[in-house]
Amino acid sequence: MDILSIIWIIVMPFIGSLVGLTYMGIGRKIIARVQHRYGPPIFQNVVDVIKLYSKRSAITHGVMFHLAPNIAITGTISTLMFVPVLVGENAISLFSFQGDLILILYIMVFGCLAMALGAGQSGNPNSAIGVSRGLTQMFGYEIPFVIALVTLMVQNETTSVQNIIAAQDSFMHWNIFQSPFAFVAAMFAFLGMMGNKPFDVPFAPAEIASGPPSEFGGKYLALMQTNRGMFAFVKLVLYVDLFLGGATNFAILLVKTFAFYLIPLFVGIVNPRFRTEQAMTFFWKWPTAIGLAGFLLVLL
Amino acid sequence: MYLDPVLMIALPLFAAFLIPPLARISKGLVKYVPVLIIGFNLYETVMLLPHSMVKPVIVIIAAWAPPLGINLTIGPLGNVLALIISLVGFVVAVYNIRFVEEEPNEKYHMLFLLLTAGATGMVLTGDIFNLFVFLEITSISSYALTAFLRDRDGAEAAFKYLLIGSMASTFILLGIALIYATTGTLNMAQIAVRLKDVDPRIAIMALILLITGFGIEAEMFPLNGWAPDAYSQAPTPIGAAFGGIVVKAGVYALARLIYTIFSFQGIFHFILIAGIITLLIAEMSAIRQKQLKRMLAFSSIGQMGLVLIALGLATTRGVEGGLFQMFNHAMIKPLLFLSAGYLVFYSGSKNIEDMDGMGRVKPLLSFFFAFGAFAILGLPPLSGFWSKFIILSETISHGFIAVATLALFGSIIEAVYYLRVVGRLYFKAPHDGAKVQYVPKSALVAMSILALITLVTGLYPDLVMTYLKPAAAELIDKSIYIKAVLSAGL
Amino acid sequence: MIYYVAAISLILIGIYAVLVKKNMIKIVLGLTLIDSGVNILLVSLGYVKDKTAPIFSNPTLTAGDMVDPVPQALVLTAIVIGVAVTALALSIVIRIYDHHKTLNINKIRELKW
Amino acid sequence: METIPFILSILFGAAVLAYLVGKFNYILKVGVSIVGLIWAGWLFLGLQGTLSSFTFKMLGFDIIWRINPLSWLFGMIIFGLAILTAIFSGSYMKGKERVDFYCFAMCITVASMFGIVVSGDLLSFFFFWEIMTWSSFLMVIYYRYEAQAAGLRYFVMSMIGAYAMLTALLIVYAQLGSFLFDVLSAGWSGFSLTLQIWLFVLFVIGFAVKAAMMPLHTWAPDAYTISPAPFTALFSGALSKMGIYGLALLFFVFGAGKLASSVITIQGVSLPGYILAWFGAITALLATFKAIVQDDAKKLLAYSSIGQLGYIILGFSLSSSMGVTAGLYQAVNHSIFKGMLFLAVGAVFYRTGTRKLSEMGGLITRMPYTFFVVLLGIITVAGMPPLSGFTGKWLIYEALIEKHLIFLAVVAFGASTAAFLYLYRIIFTIFLGQRPKRFDEVKEVPWMMRAPMLILALLTVYLGFYPYQLLDLINQAQVYMGIAPFDLSHSMLFNSYGNVSTITVMNIVAVVFFIVFILFNTLYKRSRKVGLKDIHTSGEVPGEEINLHYAVDFYQPFARGVSIFLKRSVSKIYASLADNLEGLFDVMRYVYTGNGQTYALFVVIALAFLFLVKDFLV
Amino acid sequence: MRKAIAVLFLGFIGYYLLSTFLLVPFGVVRVLEGVGLKYLQDGLQQTGAANLVTSIVVNYRGFDTLGEVTVLFLAATGMGALLYSKRPTERARQNASVIVKTGARILFPLIIILGAYVFIHGHLTPGGGFQGGAIIASGFLLMFMSYRTYHVNHVILSRVESSAGSVFVIIGLLGLAYGSSFLANILPLGTANTLFSAGVIPLIYVAVGFKVGAELTALLDTMLQTVK
């Protein structure tokens, strides 16, 4: 392992969270513009996080509360480590040769679990309600998501992300064209994953006071926001890897990821919020049907 | 060393005759007489085993060799059954020591002694009319014992039993008449030889009449209407004796008929079908019973159904299984009845629903009941497992998979109703009015003997099987029996 | 031949009584009828035409002159057994009457469960 | 002295001895059973790699008891879990009534399970199988008043399964004249196809009941819930594995796997295997749904257990190298994590006296060790890296994807995701959130109970880090079963589709965690600890009477969403079936009218019937 | 309904039974090697009893008879058990008329003597222990019917019963001890057709006679005593 990859390994989490937080800022700006507001500065989220980091005091509700952000970010960074960020000559593959898509799928949840545990110990009923809703919703969008991924894996006869990227060697071989149904299903799942409207019932600021994180403050919140940014980034990169053939340099990466980031954003702007079970069952209808259609395509 | 086996019958009769004068001397002494006498029988049967296994022991009576006189033919089969009967009789006699307080209890002991003697005679005798006489001894003492408590239900049950039993003797007598008229002999071995030359139209009628008659004693459906009533209303030890003694003798007679005396092949299928129907109807009825002992009675019928299935297979292994099942049933059913007897006694009610919580009040008693229930369900390592296993194995080997499946279905029903009772014993809260009295030592000894045998047999079934193999061989190959009897006459 | 018919008729009549009659005494009578029928049947099976009872009461009699003695011996036993059963049956009926105050068998069917 | 019979006699002896000395002294009876188990386990451990066997004849049937890698693997599950649960119960059962009875049934159960795995013939297999049934039944009914219905259901279902198996093995005997596995595996291919399918179905029913496969699972939730907690761990962890062991035998030792070549295959899986795989997958999914809506902790885990066993069945029925590895690995793993979860729930019950999730909460500060165990447990169940559960999940998905079984893969994934729901529920409602006042004085359980749980917990960590040793043992079993072993040459989970290095994963997680942890805790001063009532409530001060613990109907929206699956229940169908049967029996019972004359009439009719058919009787 | 069914099936059974028995020739010697003929041929020499039925009943098939006696004993015992009550109640019997009473008193000893004659000569003439016993019991029945308060001492009856039964078994056991087998004839056969002939046969028949007489009497008495 050469020194460059070690550097990338160390630096990548920071880049990831930065990009993620910036995307969020851009997102807020866009939403504001659509709503005829001016909106906060693009780097507002980054600044917020820095401010939170610099707060010296914080309150804790217990061990799990204390550890939750810590574990959460551990999970996210671990996930990041197995997602190839760049491919080609300047590949930044981190540890992605030592883990495959199934690992990513599972390790992604690790951080979420930690968050949920922390939220649980906060003692705030809203947090628990949020977690309950979040998990329920997750079970909804996982179905189309899994359908899409399995389709990809079976189609490419591999479970390795590296191999999936390698198979998309030219524009027309991108999975978005190779298996459009899977892509559509995965995009629906992505809407749920990102937690924007109409799938923001786990957080629902007006209803349950933004749910799980409602008790967190100071350094805890800072860590969690960092985590959130980074997690968004990880997901975006993963989607890009899976459907758009990865990226060979950072510029392309940013373009592709931002394109993906815009989709849930725009959907969210024009849609009201689903109820929990509506959100769950929604995913089992059209997205699943589309995913299954993709299946049949593969089978034939 | 054994004494003359005829003593196994003569002594009980003698003792029975002597009991009334003895009772005038000391009432307390009388209840030990059956223990002593049947204990002697037990000793005899055990001592006879090594001899009879080699070659049937023929005992000539009144100095007239067969076929002129009556003889006792103690082949492996007869010996094993006599052993079973004596064993059960002994245990029940021990149990009786403290159980029966009903007056006139010397008569009770007399009747019980004669019941055992009659059944022993049935399995030992080599003469078909003598078989009938001993059957009558057995049944008449059973009738009397059924009604012994002189209560409302006992009398009713006894009357039904008597009604059916008399019809049985009628048919048996008719069958014997037909046989005698055509063969001119009453010795079973000789009948077996001569029946070959007899018009089969007559022979089959004789067989049907005899089967109907003995089928009543063997609790074959639909001839078993008497059984549930008699079992449940008789004093408990008698219920046990029915299951362990009377029925066994009936089945013995049946087996002797279809295997040794007659040689019709079609009858085996009938026995098989009758067996499975008996089993199913009995189990179905048992699950809906409200009285404990009545439930046990139906279960007993069901078990006999299994035995009939085994006998109907007409194979060595099948018969071995059937005999083993008889042995096990003879150990387990009395165990259940004896424990149920005290359960009924302590709870003060015959109904199952009044048994609630007896497991707490009477742990040992309930343990024996549960033990018996487990054994009869055929759960290893108790002995019931092996016999059921062999029978089913043989049934399936001969392609009667449907029969085996139905039998297994019956077993499941059996599990339900037994465990329901066991459940009540252990899980329900005891009633307030539950009397707390101690269970007499004699009863505990009796039950322990049975439980121990069940366990030992289960762990080491070959112990019993060694003796059952020649017994089964005797049935399958009738020439063994015939040769032994007829050569004694020369 | 007529003995067979008579004996079997007796048996059937007896069984009919057992099956149909409501009065328990009559049922017991039916049982004795059956017994008689069977006994007659047995004896008639032993009968040989033109022969006498198997008793060597005078020296002129030989074995060839006598009917088969065995059925007679059997009948003797059967009769005794019949008597015993009847006696017991009657005593049971007495007991039942004590408890139920009726002899109608249809009313004596408490043991269904 | 032959080792196998010796071990058996130790176990049975310990059972009887524990019962006998149980009248006198508590420590003695528990001690006897623990010592017996450890002794037997130690002897058994020494049998690894040997091919010790013991033959004798009983009733003319050949009996063989032997050890092979497969049975050794399952034997270790049994002994490992049994010893730990015995130690656990040493403390748990203190002060309970009828402990002698408990020890007795426990030892008998272990002995019978041991007997099952060493059986080299169908007869002793069935013999021990039945012993296992009744001894575990005794455990199910241990709590007298609550247990009757559940116990009965368990027993009856077990009987149905056992009898299906009995029929099958007797058919085998009828065909081959022997009960030996070896004879069967040689003779299986000689059977006609119809017979093969029949045998397959019957055996599967027999094993599936114990493995609680839907729709034969209805006994499991109640039986698991009712039985004493330490035993439940053994029940779910080891006893249900006997069904799995049976399936392994059926497929690879008896030779049902050979069925594959003779019938239609679907994507390389034989049709029976494919159907069974669907049963497994649906079991996994539906049981998980059921688990999510339970309010009783043990019932929740029971359904979870059913679901996990569904995965194992799924793995086995694929019959591929990967699938079997997955099945066996998951079997071992399930024993570990379900063992520790049941023990932990038992520990909570021991201290709080309740299993109702909605009644508990906030116990983390009172029972931190137990919390830790449950935490590791749920991570393992969920299959999240870096703990051992992930390996099992990975293997199973790889096996499915390798065979291109897309639908099955999706169902399996779905079930796995849904599992997060109940897992979170169990840890949250017990340990997190607000603590009811009455549990303020709850203490952590004694060390005797903590130790077994912690040992199991550490085992999951170890296996998560380095599962290859276990996989090596599994490979030995697979070689015995005649299946290509799993490729271990890369020191990582590796196949042609993908690879995961568990060591790397564990290292990354550990390193990142500690770096962040150290930074987080050194750069900042200690956080101020506040009470659980001190929360954001829009300025209101919550009083005692306000319920701040969201635990009742935790997944109500979910339940609404999947109500279509929850509405129908197999147990209801069984119940109505049983009712109808009893009705039928009631009708049959009227054959016995109570009228003596009718009985006499029966006799006459029977006689007439016999006369009528007399020509057939000749 | 029940009648119809009963008649139907009984007709059925009757038809089959009859058709079977019609296959058995009536009134001829059917089996040439039957035991019956053997008894006829050798009975007199072998047992020394002129009445072959008796020799069969008591000697060849003596074991049956022991059983038979037991059956009767059982009936008596069973009845005693069933009709037992602590305080026997008397049925309101009416005394018979003087004629009957007087006749009975005269006839009673004669009947007893007749009974005794019948069982003592059982091996010579038709009759035997059972018949004689029954005759004796009928004598007692006559007394019961005639006299309201007539009772037989139960203790005596039961002693007679017991000792007679025991005598039977003891004779059998003596046969075992001194002869070849149980119930073997250990006494000299004597000359046929004389009172003291046929070895133990008369002894047994006497015992049986006593026993049957006592038992039947006891039966009658028991029934009379307890009926309310």
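As written, the chains take the letters A, B, C, D and E, and residue 1 is the first residue of each chain.
In this section, contacts are C-beta pairs under 8 Å (C-beta built on N, C-alpha and C of every residue); 3 or more make two chains touch, one makes a residue touch a chain.
Computed from a predicted model, the values in this text were never measured in an experiment.
Chemist: If you check the contacts of chain B and chain E, which chains show up for both?
Modeler: Touches both chain B and chain E: C, D.
Chemist: Measuring between mean CA coordinates, which chain is farthest from chain B?
Modeler: The chain farthest from chain B, judged by C-alpha centres, is A.
Chemist: Between A-D and D-E, which chain pair shares more contacting C-beta pairs?
Modeler: A-D
Chemist: Hey, which chain is the most central one here, using CA centres?
Modeler: If we average C-alpha coordinates per chain, D lands closest to the whole-structure average.
Chemist: Report back the single chain whose CA centre is most distant from the CA centre of chain C.
Modeler: Relative to chain C, the chain whose C-alpha centre sits farthest away is A.
Chemist: Round to the nearest whole Å and give the separation of the Cα centres of chain B and chain C.
Modeler: Roughly 27 Å, centre to centre.
Chemist: Could you grab the centroid distance between chain C and chain E? Build each centroid from C-alpha atoms only and quote it in angstrom.
Modeler: Taking the average C-alpha coordinate of chain C and of chain E, the gap between them is 15 Å.
Chemist: Per the centroid of Cα atoms for each chain, what is the distance between chain A and chain B, given in Å?
Modeler: Result: the chain centres lie 78 Å from each other.
Chemist: Once you find the CA centre of chain B and the CA centre of chain D, what distance in Å lies between them?
Modeler: 44
Chemist: Could you check chain C for residues that touch two or more other chains and list them?
Modeler: 11, 15, 18-20, 27, 41, 45, 70-71, 77, 81, 84-85, 88, 92, 95, 98, 108-111
Chemist: When you check chain B against every other chain, which residues touch at least two of them?
Modeler: Within chain B, residues 129, 133, 136, 140, 143-144, 147, 150, 155-156, 159-160, 163, 167, 174, 181, 186, 205, 228-229 contact more than one other chain.
Chemist: Where does chain E touch two or more other chains at once, residue-wise?
Modeler: 2, 6, 10, 13, 16-17, 21, 24, 34-37, 39, 61, 64, 67-68, 71, 74-75, 78-79, 82
Chemist: According to the definition already given, which pairs of chains are in contact?
Modeler: Listed by label, chains in contact pair as A-D, B-C, B-D, B-E, C-D, C-E, D-E.
Chemist: Any idea which chain B residues touch chain E in the complex?
Modeler: Contact set of chain B toward chain E: 4, 6-7, 10, 13-14, 16-21, 24, 59-64, 67-70, 103-104, 107-108, 110-111, 114, 117-118, 121, 125, 127, 129-130, 133-134, 136-137, 140-141, 143-145, 147-148, 150, 155, 174, 178, 181-187, 194, 199, 201-202, 205.
Chemist: Flag every residue of chain B that touches chain C in the complex, lowest number first.
Modeler: Within the complex, chain B touches chain C at residues 129, 133, 136, 140, 143-144, 147, 150-153, 155-160, 162-163, 165-167, 169-170, 173-174, 176-177, 180-181, 186, 228-229, 232-233, 289-291, 294.
Chemist: Using the touch definition up top, name the residues of chain C that touch chain E in the complex.
Modeler: These residues of chain C touch chain E: 1, 3-5, 8-9, 11-12, 15-16, 19-20, 41, 44-49, 53-57, 63-64, 66, 68-73, 76-77, 79-81, 83-85, 87-88, 90-92, 94-95, 98.
Chemist: In the complex formed with chain D, which residues of chain E make contact?
Modeler: It is residues 2, 5-6, 9-10, 12-13, 16 of chain E that touch chain D.
Chemist: Please name which positions on chain E make contact with chain B in the complex.
Modeler: Those residues of chain E that touch chain B are 16-17, 20-21, 23-24, 30-39, 46, 59-64, 66-68, 70-71, 73-75, 77-82, 84, 86, 155, 158-159, 161-163, 165-166, 169-170, 172-173, 175-176, 179-185.
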